[in-house]
Every structure is written in C-alpha cells, then in structure tokens.
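Both complexes below contain chain A, partnered by chain B and then by chain C.
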Partner chain A sequence: MTDKKSGSGLDAVDEGPISSDASSADHGGDEADASEHTSVAALKQRFADAVVRHRVYAGGQHVVWIDPEKSHEILSWLQADPDHHYDMMSDVTAVDYGNGRPVNVVYQMFSTVHKRELRLRCELPLDALEIDSIVDLWKVADWLEREVFDLFGVTFKGHPDLRRILMPQDYAEGHPLRKDFPLRGRFSRAEQTRRALAQDVERFYRAEDLSAGHIPQEVAPVEVGTLAQGEREGNS
Partner chain B sequence: MAQKTIELEVARGREMGVDGNPSLSPIAPFDIAEPDMNTEHMLINIGPQHPATHGVLRLVCELDGETVKSVVPDIGYLHSSFEKLGEYRSWNQIVTLTDRMDYLAPLIYNCAYVMSVEKLMGIEVTERCKVVRVILMEMDRIFGHLLWLGTTAIDVGAFTPFLYSFQERERIYKLHESLTGARITTSATRVGGMMADLPEGWTEALGEFLDTFPDTLAEVHQLLTRNQIHIGRTQGIGAINGADAINYGFTGPNLRAAGVDYDVRRDRPYYDYETYDFEIPVGEHGDCYDRYLCRMEEMQQSVGILRQALERLPDGPINVEDPNISLPSKTDAMSDMESMIHHFKVITDGIPAPEGDCYFAIEGSKGELGMYLVAEEGDTKPVRWRVRPPSFVNLSVIAKLAEGHLVSDLIMINASLDIVLGEIDR
Partner chain C sequence: MGLKHILPGGGTSATTGGIFGAGSPTFLTSKVDWIVNWGRRNSLWPMPFGTACCAIEMMASAASNFDLARFGMERMSFSPRQADVLICAGRVPYKLAPVLRRVWDQMPQPKWCISMGACASSGGVFDVYSMVQGIDTIVPVDVYIPGCPPRPEGLIYGLMMIQEKIRQETLTRHFEHRAEDPTRVAKPQVGDLEVAELSGPFGNSTQQDQLSSGEVVREGSTSDDLLP
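So, the complex of A and B:
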C-alpha cells in the first residue's frame, strides 16, 4: 500500500488518485468522550439514534457523523437552539475516499455567540448521493452546495438552483473530484479538443443561458428570442 | 485580552439616515426609477473580459432602465482544479498551488496551508517561525488591501490612490523577492518551518517600509475619506445588516463592516495573536463606505502588529528539529551521511499523516480562510484538500447586495467585496 502511495509528481495522471484502503472505513480510533464538547453531548442525548460516531482529531477538533436522513433536522436544531446557536456555516464540502466507500458531506460550523466549532459529517452511499439542502437555513450554502454537486455529484434536495458552478454547464465528463475521475479527464485529449472546437461560441451568449437561474420567470419568451440576436424588441 | 473593538468614526453626511437610504447621501443620485413601472427588462452581460469585474468574472444583469433587478454571476473561467491536483502531490508540493490561488496575498495562503498540515500532524513549530509567519501574514494583509484600495478607487473614478497604493505594493514585492526569490508565487513555507530564514537586512527593510507607509495611508485618507464624490458613490450602496451578513457567509472586513465583531485572530486565536495589542475595526452600516473604512483601519492595525512582531522576533532555529519533517541544510545533505539519508527519506517517503481530518481557519486578507484536510493513517498525500474560499463565499452575496441599485453601483459593490478570481475558481 505504501509503495503505491509514495512516488512523486504526476505519475498517474491517466488514472484516478489511489483509492484509500477500505480496511479503515470506520475512520480509526475509538468513540471519543462527548462530555468535552457541550453540543456533542447534547446531540448524543437528543438524537441518540442519529449519531453514528464521534471522533476527536487534530488535537481537539470534534467530528460527529450523523445519519443523512436526519441531517436537516439536526442542523436546524443546532442553528436555532440558544444553547448552541451555530449561526455561521463556515463550509459545506464533501470527501470521496474511493474504493466504493461512501461519500462524506462535511458541514463546518461556528457559533459566534459561544465561540464554539463543530464539524458534522454525513455518509452517503455511492448509489444514493442525495441529502437535504440547507439553503433555507443558511443562505451561504447556496453556492457551496452547488460546488459539491458540481465536483462530487451529490444532489441536494430542495436546493433552489442546483446546477454546475465551476465546470461548464454542458460538461459531459462527470464529477471531477470523485476518486475514479482521472486527472486528465475521462475523454482522450483528442476527444476533448474535438469537443472544444465543435462548440458553438454563440451558444454561451444565448438568452436562455444568460437567464439561467433566477431570471427566466420574469422575462417573456418573445423578448428572450429577440435578445438572443442582440436586438431589442421594436427596433427591427 | 489585549484586543479591543473600535467603533469607526463614520463620516456620514448629515442627511444620511442609518438605514442607508441612498437618495439622502450628500450627492443625491438621480431619482431611481420606480420599481413597478413595467418597463421592458433588458439583459446585459458584463465580462468575463472586463476590467471592472476584477478578473474573469461574468455578471449577467437584468435591468429595468438603469436599475439592477437581478444579477447572476457566472464563474469558473479560471478553474484550475487545484484541489484535484493536490490529491496527487505530497504535503510539501501542495504549497506551490496555494499561492497561485490568491496571488494578491500569496503568503497568507502559504502560511494557512502549512499551518493546517501542522495542526493535522500535531507539529509544533518554533517560536521564531511563529513570529516570522505572523510578520509575513500581516505584511500580505497590507499587500492585499492595497490592491483592493487602488483598483476600487479607480472604479469610482479616482486614479491617484491607485498610483500611491501600487508604489507601496512594489516595496512589498521587493520584500517578497528578497525573501523567496519570487514576487508573486512565493511558496515560502514548508511543513514544520520555512523555505528559508529571513535574509540579512530584511527586517530593517520592512522597518523602513513601516516607517513611511502610514504617511501614504494618511494621504489616501485625505484623498478619499471625506471626498464628496467617493462618499456619494459608496455610502448606502450595497448595505447589508449583521444577521444577514452572517447567514450569507460574509467574513473578514465585509462582515465587520456590517457591525459584526468577529475576527478569527481574536475569536479562534493562533500564533499568540491574543498577546499582540491591536484593535478590530467594526463598521455600522455594512455598505461600501464602511467596508472601505474597515480595510483602511486594518492596514493601520497591521502596521502596529508588524512593529510588535519585529520587536519580539526571537533568535533560534526556524525549522522544527525533526529529521522526519524538515530537510537538512544543503551543506549537511551533501557532506554528512546521516543528513543525506534523512533528506532522501523525507523526499521519497514523504511525511506520514495520522488518521483524521482537520479544519483550520485563519483571518486572511479577504475573510476567513479555512483549509480542510483529510488523511488516512500514514498517508503522504491528502485524501482531500479543501480550501474554504473567502472570496467565493463573499461573491455569492452580490446578487442580494446589488438588487435595486444602479449598474454603476453594481461595479462599486463588486469592487468593495475584494474578490480574487484565482481563489474563487480554484
């Protein structure tokens, strides 16, 4: 295992990164002491059946794995309860370990009132990459969840505008940060070049594309059509 | 605790309400069109190749006359998949990727990354290294704010501050160069220490910069702070309240301008920041003008921190003395057998990480800069390296901020957020 992992530089660009060893799927270590962290203790008491495991890493960072089914309920409680009051959602991201292991969605929270940090993780099996969106709780999750969707392919149920954000909207090669995604992309260099050259540049300035997101409901279809040609209605 | 919060002395015009109503600002803007005039809406595309978007950002605006009804930012033009590349590289090789993200304050990114790796592995760096990194981070905070100052002033029509701020930036570039050999892509840090110790005469050169920089800052203050045009363009523009700012994910000067007293340096201290004497500027209205004041004051405070850090800079080794982590000196590696073996082992085997993950946040020049690392037992490369990008999150708020303002205000709002596309697209 170590032999495969060492080796410098980009010696495996045509493959995905080396997948992690499946033997450590339980994330090592023993159940941590919940009494050190008020919120973890409260979580374990209130949502006893939804807390999967609890670890302390990197010298005192508490990580709690929770049941993805209950994630929205738990997160909204953590945000609203005055004893915890995690008003700041620092980060929403995901981790793929490869080797068929579940994708982890990670919520990094901070309470500006209690000056307390907490990290929650939800394990999603590869055949059911779905979790409730938390945009209704934290507006910051809008773009962060779009990024996770774009790069990992996790669907956030209830997200108002779930589409790719960093990769092009018509990107056909999949989700780049998954472990089975090769560094150079799924298509050959020739195919990538062919697709790039075959692109219709005008396409990216069509009004249907411009109006992606929040606009379309407010623009009448006729207007959209004329705008596409760079004209205004009535001028022709 | 040494840090205090200072309420900024806000130079509001007399007519200016606390609610930030733009029609009452000293130079009254042209009457904004009634929201429901039912005029034809127009789609306008700004960017991605436009200097006012501060990079390859594309903004698609829906306009009613000149009023912005909605904005849809389109990003990803500079996507370089740094996070994916990181999964193929050893811990130290990733450092070079970090300064390419925020090329406006590269040393902050260098430091933040290695600090999170050290946190993950439980490495305690030397006292000298801590102070040196504080110096570098505060220097680059000034560096980043100066660029913001110059370009933002240009966006509202003031050209002179741009020249002043870039002259000062040039001096920091020289400091970068003498320390690392590079002006922008510094890659100055290594896990467990620095690429090199400060060269001879470096602290004196920084001291000279600190002696004269506040004068330049004062001149820019004179040019902008009570400038009627600047006030008219910024006060009441893009205002947000504190609760919304937190919910929308604002951090850094943008959040503090909205009246939220939160600074990672004080609230989650690292590198003995609690022992430095500095103040945290907090705004009141959350508009472009308060963001301007916050950043101006932060530069002033950084000068103070830099002076204190230079004073307390201890002697001693800069790298941890652990042959499994730091490389031996070049001379040792070439002449001493054991050092050569250590050198070989660190380069070929890498530095093994423990099982676990680690989120480490510092106060970057643009907001809370977090580095999230995931590793499994013995990994010499990260399973996942994630950057919590402050500009990315700050930019996502632009749709809310710009709604109802004029197109020219949209440019000002975009500038006031202080974004860098290298880090947004990663």
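So, the complex of A and C:
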C-alpha cells in the first residue's frame, strides 16, 4: 500500500511481516546481569564461546541464545549437572520471524529440584534448518520435535521417528507455520479436497501406535493344578 | 387367528363396536407413501459427528431440557450402520475429511445429512490451509443450520425440516434422488469449480485469489475494498 490509511485493522495483512534486515534485528527484552540466574552465570562461564546473548523478558524469564552446534552438549550438561538439574523439558517449539531471518528453536526447561526456570534459543538460518535431537535426554521431546519438524521444517538429527504428526503424512504443500507459507495453502481448494479424500486413513498410524497401551504385562505364571476345584489363591 | 380376533370390535361384528361404532370396519385405508414417510420421519436416529463447540449444543439438545427424543431421535447412533441422519457439528479439517466421507458411505439408505453451524457449512472463520470449506464438498447436505454455535432450538428446527423433507418424499422417486454411484465413493461431492466457488475468499484472505494458488493481489485493490 502506498498511501497510509489509518483505522484499518487489515493493513498489516497486506503489508506482510514488517521488514528489517537480519543484522539489526532487535530482540527486545532487557539486558540483564547474568549473576541474577545461577544457571545463566554457569553457562556463561563454562560455555563462554557458545552463549550468543542473554535477555530477560516479562520481569523474570531468562532467555539465553546458544550456538546450535553445541546445543546437545549444553542441554545434556544442564540436565545432568547436580547444580542445575533441569529434569523437566516443558516445551520444544520454534518461531519464524519471516523476511529471511533465522528460525529460532526454543527449549523451555524447568528444574523441579531447584525450582528454577530457563529458556534456551538456537538460531537456525533458513538454508540450514538442522539441529541435534534431544530425545535421548528427554523422551518428551519426541512428539514436540516431530511437531516442530511438521510445522517449521526443522530437521532433528538423531530423532528415532521423524515424520509429520499434525498434518497428513502425504502433505505436499510445505510447512504451514513458516512465514512464507500462504494462509490458504499452496494448492487450490479443489486439489486440497481431492487429496484429502484420497488419503488412506489407516496410514496415519503404525502397528505400534495402534497397540500402544495394550502391551502385555509380565504376569507371574500361575501353577496349574496346585489349587483344588473352587479353591482360590490365598484361601486357607 | 385373524385380525378380527385381535382388534377390538372384531371386524364387522354387529354386537361389539369398532372404533366408529358397531358394524364399522376396524381398518383404515392410506397411502403406502404416507405410512412409510410417517415411520421414517418419526424414528430418525442421528449419527453425531461432533468435532467442536457445536457438539456441546448437540449434547444439550439431546439432554432433558430440550429432549430430542420427543421428535423420534430416541437414540444417538454411534455406529453409522444403524444411523439415518448424519449431524456434522463443528469444523472439519482436511485430515478428518476422509473419515467423514467414510462414515457417510457406511450409513445405509435412506439417509440425510445436517450441516450444523458456520464452520461445517462454510468453513466459518477458519479460512485457512487446513480446513474444509463447507462439508458439502465432501458429502451431500440436506439442511444447513446457521449459528456459531446454533442453539438447541436451531438444531431441533433443522431436524424438523428434515422431517418435513421426508414428508414430501415418494417411494417411486426416493431412490432415484438418492441413488449413489459406487464409483464416486471417497471422491469429492462436487466438481472443482463448485469447490472453488464454495470456498471463495472472505475475511482476511485479501492477498490470494479465489483458487488460493499464490499471493495474487488484484490491480489497484486494497484491503479496504474488501471491508464491509
């Protein structure tokens, strides 16, 4: 739009994401002293070359940007070290800021031992959307990483079963939460309808998925013939 | 043992009276159409396909305050094989489209379909990549109920419209109307152009044309043109 009209809530839709070049990206938040957060201070000391920046949001949410190459090493240290012991991975998600800026993979962690919270972010350039999987550290990351892969196209190296989780398995239009993805998809509605109806519903699941919850328990074998007719175990 | 021993009045007996008095016949003549339609419209078993908040209103309709059973919808049939009316209550994503279509294909003839609420009828506010823009692209719909969500009275009125529709059907034309082509199982209900027309853009989809095949902006148009 050339002339600026005020009052239309749809202006931003026409203009798309606000442009800014990646070098001068403002990350918001407040500069903070690392000494406020024990884990941030320890990270800065131990992985000085891997910590990119540190900000505080919403009063007390400490966010540390780290080098994606070292993410697995840092996360496994944060989980294992008794001074930090982040035993709960609350969320693994991602943010695409658009206009060619890097996609951020976000790890939200909580330590139930120290009652401490920490958010880590890894910036991945659009031409190299790859990061180490952390399923070997937190099993919960399995589906969360599948979701990020499905919606953002980030590949998690070493993930045991990296396939789509929300969109259909044969979805061919891309990764919907990326900023370059058109709101109504890439195919026409007719093609989308045709493809949807051609889906094989059974293919959404693997044999193991369908048998989940029905894993036979190890039961001690009952010795046949030791009890008389009508007698129950435990009766004297 | 014939009818006259069962029915009060005993046929054309001169001593014991029929319903219209002694000597009157104890049978009525009617049209087969009327009898069949009367039976059908008063024993509709709904197949609830509830996917969103409309399903909450559907449950309220079946509960004691509104009591759907008054109209013959005595039993919600959770198996499509025993159902007569498909009530699609809520938004249907493309991933669920083949499921809805299969449920419809599994229902025995004669069958009817209600599209309940804005999302099922037109996609509603979900004019996005993942949502079916009206289930009439998937299955044939008899009654559309507007609302977001419709109140239980709305659903009951929709079901009464189905009853009214059944009342006007005749056996000779019924199967002609509802005959299904087995080759069209799991195929879209309407052609490409109709799908495009039914799912035309509105709301905030100002950057894309009707076929949503990219970011086409019409020459000289601004978002204000599309505001009401």
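The criterion applied here is as follows: the second predicted complex is superposed on the first by the 165 of 236 C-alpha atoms of A that agree within 3 Å, B and C clash if a C-alpha of one lies under 4 Å from a C-alpha of the other, contacts with A are read in each partner's own complex, and residues count from 1 in each chain.
Note that in this section contacts are C-beta pairs under 8 Å (C-beta built on N, C-alpha and C of every residue); 3 or more make two chains touch, one makes a residue touch a chain.
From a predicted model like this one, the values you see are computed outputs, not experimental measurements.
When chain A is checked against chain B and against chain C, the one touching more of its residues turns out to be B.
Of the two partner chains, chain C is the only one touched by A:173; chain B is not. By the touch criterion defined above, A:197 reaches chain C but does not reach chain B. When both complexes are overlaid on chain A, the residue A:144 reaches chain B alone and has no touch with chain C. When both complexes are overlaid on chain A, the residue A:188 reaches chain C alone and has no touch with chain B. Within chain A, the residues touched by chain B in the first complex and by chain C in the second are 5, 8, 10, 13, 167-168, 176, 181, 183.
Of all residues in chain B, only 40-43, 45, 60, 62, 69-70, 72, 75-76, 79, 81, 83-85, 87-90, 93, 119-120, 122, 244, 246-249, 260, 262, 267-268, 347-350, 354-361, 368, 370, 372, 374, 376-381, 383-384, 386, 388, 392-393, 396, 399-400, 425-426 touch chain A in the complex they form.
Note for the complex: chain A touches chain B at residues 2, 5-6, 8-10, 12-13, 17, 20-21, 24, 27-29, 55, 57-59, 61, 63, 87-91, 93, 95-97, 106, 108, 110, 112, 115, 117, 119, 138-140, 142-144, 147, 151, 164-168, 176-177, 181, 183, 205, 207, 210-215, 218-219, 223, 227, 232-233.
The touching residues of chain C, when paired with chain A in their complex, are 94-95, 97-99, 101-102, 127-130, 132-133, 137-138, 186-188, 191-193, 195-196, 198-199, 201, 204-208, 211-215, 217, 222-224, 226-227.
Chain contact summary for the complex, chain A toward chain C: residues 1, 5, 8, 10-11, 13-14, 167-168, 173, 176, 181-199, 201, 204.
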